[in-house]
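Heads up, the next two complexes both have chain A, just with different partners, chain B and then chain C.
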Partner chain A sequence: MSIVRINVGPVHPSTHGVIRLVVDVDGDTVVNIEPHIGMLHRGVEKLAETRMYMQIPPYTEKLDYMAPMSYDEAYVATVEAAMNITVSERAQYVRVILLELQRIASHLLSVGFFCNDLGQMFTGFMWAFKDRDIILDLLQEAAGSRMFYVNMRLGGLREDLPADFEDHVLQTMNYMEKRIPEYVNYLEKNPVFIERTKGVGVLTREDAKQLGVTGPVLRASGVNYDVRRNNPYYVYSKLQFTPKVLQEGDNFARYKVRMLEIQESIRLIRSAIKLLPEGDAKGLPIKLRSPNPVNRISIVNRELPRGECMMYLVADPQKPYRLSIRSPNFINLAAINHLAKGGRFADLFSTLGSLDLVMGCVDR
Partner chain B sequence: MNVTAANSFFNIPYWMGSGNIVSNLVGIVLYLVVVSITFSIFGYTVGWLERKIIARVQNRHGPTYVGMWGLLQNLADLVKLLAKEDVIPANADRMLFSASLPLLLALSIFIILLIPYSPTLQATNLGFGLLIIFTIMSFFPLLIFTAAFSSGNKFAEISAQRSVLVLLGYEIPILLVIAAIAAMSGGYNLSSIVGMQAGLHYLAFLMPIGFIIFYISMLAEFERPPFDLREADSELIAGWLTDVSAPSYALALFLDYARMFLGSVIMAILFFGGWNGPAFIPPFFMLVIKALLISFSIIIVRATTFRMRMDRALRLGWVFLIPLSLINIVITYLLFVK
Partner chain C sequence: MVEENENNSAEFMDAKKEMDKLVYESLKDQEIKPNAVFAKLSELTKAFPLTKGIVNWSRKNSLWPMQFGLACCAVELMDFGAARIDAERKGYLLFRGTPRQCDVMIVAGWVTKSMVPEVKRLYEQMSKPRYVVAFGECATCGGPWWESYNIIKGIDEVLPVDVFVAGCPPRPENLFAALMKLQKKVGGSIED
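For the complex of A and B:
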């Protein structure tokens, strides 16, 4: 059989946004994949050079529209590093709680999308979506809006937490703790799910290091690396965080790492609420003129739900001279040819789903 | 061939074979009206039920806006589809592309006419009815192959290959199960198969292995999940229907429910005793109720399973279903025929 070249996307039911893949197929076997990106390019890095410091968070947030709070925090932390602003202890705890909530929401959505990519149209997806909505309600309570929060301020947050927020979080965590085994039951006792994920799209430990993938994709391949443990920020070292690592490196391991991380996040949130000190979490209010940066160059790395993000800021007095972002998704996407080559055509889409890409973050 | 010989050969029911020409005509018209109305209402109801049940499973509401409980939503969709332009792609084979879908629908309606619906409501009572039904049914994958290949779309081309592979994997188990049923009833006549199951001697209980094989193979034959490999929305966009535009797509949806009706009625007749049931329910309604329950089970399967991969689906067919159906024949012979 001759090789057929198929154009998948940018409009296709399961490409997670606007990515175009040029796939060479020999019968049912994938021979080569060439990703074409740039269809969601918005020039965020260039835009940042023309804005004042605290005008930028709304742009950085929309890079990863599935986990906006994480990017919000990563950018503000970079500016704080440039200005040598310290974050109050209560604000550190609150930030950790909000970030972990965001991580749970993002991972749930990822598992839901993964079900869709495996051809189980919308059942698992809708269940995950409903549970994610409960988390979004909490974030709305804390930040005022459902998707794009712009909640971080220099040295703290926009507002302190509302009065009964902690109780609501604990209730939701109890609910989540009951829900997670239901997902695990539903998925891992399904023979077709196991058949289609185990041993598919294997990324070995060495290849994972060579390709530079990060986040759950890296930890599923047996590399024990997590920014929260290797370069702890805020109070992660006090909360005794341990990364979840699996050895197999296949689609199932990538899904499973996300499930385990949801459970770890629940534990982190619980202990953070137990240790939450009194005080004020409020940061500096937004004014057009901010304090002048002290450091010319500052680099901050953060563990986002999808991998390690690094922000590189060259500071001018009132606005960035250059903001450069290392996007975890961009580098994870580069692994797709390595993962899906030689596999079945049907597995290409589940492998793409297991990388959990957000094209806004890839294209910036 | 004289009338008596023809009657005994085809076993024509009394209102068609004998009597005057007027009563014959009335019978024929009555039959067509009853069957076509049942078929349309059944298809429409199952289409609505499918949306509602799957919505319930997924924590949604499903259609609510058009009509009571969204009952008219499918009709509104149909009107919308029919009002659109029918585009035939430039590199499609016009003739084959526009002929295959109507032909598929015509064949499934032909099979619907061959099925007996009650002791009296049947067009013909062929001695080899079961065999004819499955002979015609094995043309379906071939016609799907033609439709897909003639559209000139690459996704449809992959779908066409899968269609033929499904034919190879799942046609043989079905025929082997039918052979076991025929061995039990002593022929391929559908009415006598139903007669054999009187009084809860349903074949689903007497021949459980055969029933499971038949159910799985019918899911594959009618591309219901987890075997919707030909349509595979998350991989092949819409598979063989990718380049089919709106009015023809409405036809394809109609075909989908025609096949659902066909599959569940055949399963009800072969394994659940057809129109047998309590005396106070008319036989015809008994059959429809059983078919609805089977359709319900097919919908529930759709809501919960993941799609099989092509090679795995084929392995299931060749490595498990064919040997199992051979074992089924042996068991049936030892228990019931010998």
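For the complex of A and C:
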């Protein structure tokens, strides 16, 4: 049978972002996939060279718009490394709480979109958005905004946590803990969900290492690597964090790792609130002149919800000379040809959904 | 010979016109008489001016938005359709996958130069009357990326915009307010 070329996009069916896939199919079997990226490119790295240090967080936040707080923190941590600023202990705990809340919101979204990708399983989508809104209300309480926070300052946060915030978080965590079994019940007993995810898009342990994929995609393939454990930052080592690892490496394992990570995040937040010390979490306010950096080159890696992000900063006085970002999504996208080749055309979207890409981060 | 060639090219130019004329005339013969079921709404309102109110009323209460997200604002756009806000209770039916079924295009996110032809094409595929909502700062004026080399500063450089929504990103409630304003415009209670 002759090979037919099908164009998918540039508007991706479930709006992870704008991507165009040129797919060669033989009958119903995918022969080759060529992703075309750059539809959202706006030159973040170049714009960063023209801004002062604390003017950049609004730009880095919009890289991964499903988890803006994480990128906010990753950038500010890089600048802190360049300026040799230490973060106060209370601020470290508060940052961990906020980051883990953001991780729960992001993973919920990814599960919801995954349901959407599998063909209009809209219940999962609606549930995910409902629960994400509850988490966003908490973040709004702490940071003052719904989606883009710009909450991190050098050495701390914009404001300390509001009164009663800890109680609200604990209440929400109790609620989330009840919700997780409902998701599991709904999805893992659903024959359609099982049929379209188990054994589809298998990534073996060796291939995962070779392709350099990160985050839940890597951990679903049986590689026990998480920056929070391997290169612990803030108080993750005190909270006894353990990465969640599964061996199968298929779409179902990738979904399951995210579900388990939500539970792990709930546990982390609870123990962080239990250990939360008194003190001041406020950082340096944004002024016209910031402190000058001490180190010329600083590299910081962080575990974002979608994988390991690395920021490389070459510092000049008052503004960066060069800011380079290693985006986890870009590298996970590179695996799509390997994953979906040889499978059915309809399974391509299941696989793409399980990678949980954000195209804003791929294109930069 | 040269003259003939020139004549030929002139004839060829005319041929296109003639072809158009032929097509137009053939269609003229087949023109459908105003019919209560299959008529265009514009013909109906021309024939019976009193129906204009009914047509506007029905149009404004079934605005169908297109499932078309570009960047961050698309997440709030989906929240708009999800459980908490529930867009369907006001007649903005569940987001459609094809532009041919849609009335409203909500441009959510920054528009890069490589995306402009696609946005234009989607707009042209929508059936008339069609409306555009610029959702968020990037679609309104370029937003934080206004200095970037790859961004157009506002979708109004490309498409005629009916309602602008401010915010980065605007809350889903804000989009609700914008669409209610658009309803008023479609219903005829606001003049542009």
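The working rule: the second predicted complex is superposed on the first by the 361 of 364 C-alpha atoms of A that agree within 3 Å, B and C clash if a C-alpha of one lies under 4 Å from a C-alpha of the other, contacts with A are read in each partner's own complex, and residues count from 1 in each chain.
The working rule: a contact is a pair of C-beta atoms (placed from the backbone, for glycine too) under 8 Å apart; a residue touches a chain by one contact, two chains touch by 3 or more.
Since this is a predicted model, take the numbers as computed values, not measurements.
Student: Looking at A:Met126, would you say it contacts chain B, chain C, both, or neither? Reply first, second, both or neither.
Tutor: both
Student: In the superposed arrangement, which partner chain does A:Gly38 touch: chain B (first), chain C (second), both, or neither?
Tutor: second
Student: For A:Tyr65, is the partner it touches chain B (first), chain C (second), both, or none of the two (neither)?
Tutor: After superposition on chain A, A:Tyr65 lies in contact with chain C alone.
Student: Given the touch rule stated above, what does A:Ile297 touch, chain B (first), chain C (second), both, or neither?
Tutor: In the superposed model, A:Ile297 contacts neither chain B nor chain C.
Student: I'd like to know which partner A:Val18 touches here: chain B for first, chain C for second, both or neither.
Tutor: Touch status of A:Val18: second partner only.
Student: Quick check for you: in the superposed arrangement, does A:Asp28 touch first (chain B), second (chain C), both or neither?
Tutor: Touch status of A:Asp28: first partner only.
Student: Which holds for A:Leu275: it touches chain B only (first), chain C only (second), both, or neither?
Tutor: The answer is neither, since A:Leu275 touches no partner chain.
Student: Touching A:Leu47 in the superposition: chain B (first), chain C (second), both, neither?
Tutor: In the superposition, A:Leu47 contacts chain C only.
Student: What residues on chain A does chain C touch that chain B touches too?
Tutor: Shared contact residues on chain A: 13, 125-127, 130.
Student: Which part of chain C faces chain A closely enough to touch in the complex?
Tutor: 67-72, 74-76, 78-79, 82-84, 97, 109-110, 112, 114-115, 118, 122, 144-145, 147-151, 168-169, 171
Student: Could you list, by residue number, the parts of chain B that touch chain A in their complex?
Tutor: Those in contact with chain A are residues 54, 57-60, 154-155, 157-158, 161, 225-226, 228, 232-235, 237, 303-312.
Student: Flag every residue of chain A that touches chain B in the complex, lowest number first.
Tutor: By the definition above, chain A touches chain B via 4, 6-7, 12-14, 25, 27-28, 115-123, 125-127, 130, 190, 192-193, 195-196, 344-349.
Student: Which of the residues in chain A end up touching chain C in this complex?
Tutor: Answer in residue numbers: 10-11, 13, 15, 17-18, 38-43, 46-47, 50, 58-59, 62, 65-66, 109, 125-127, 129-130, 133, 146-148, 360.
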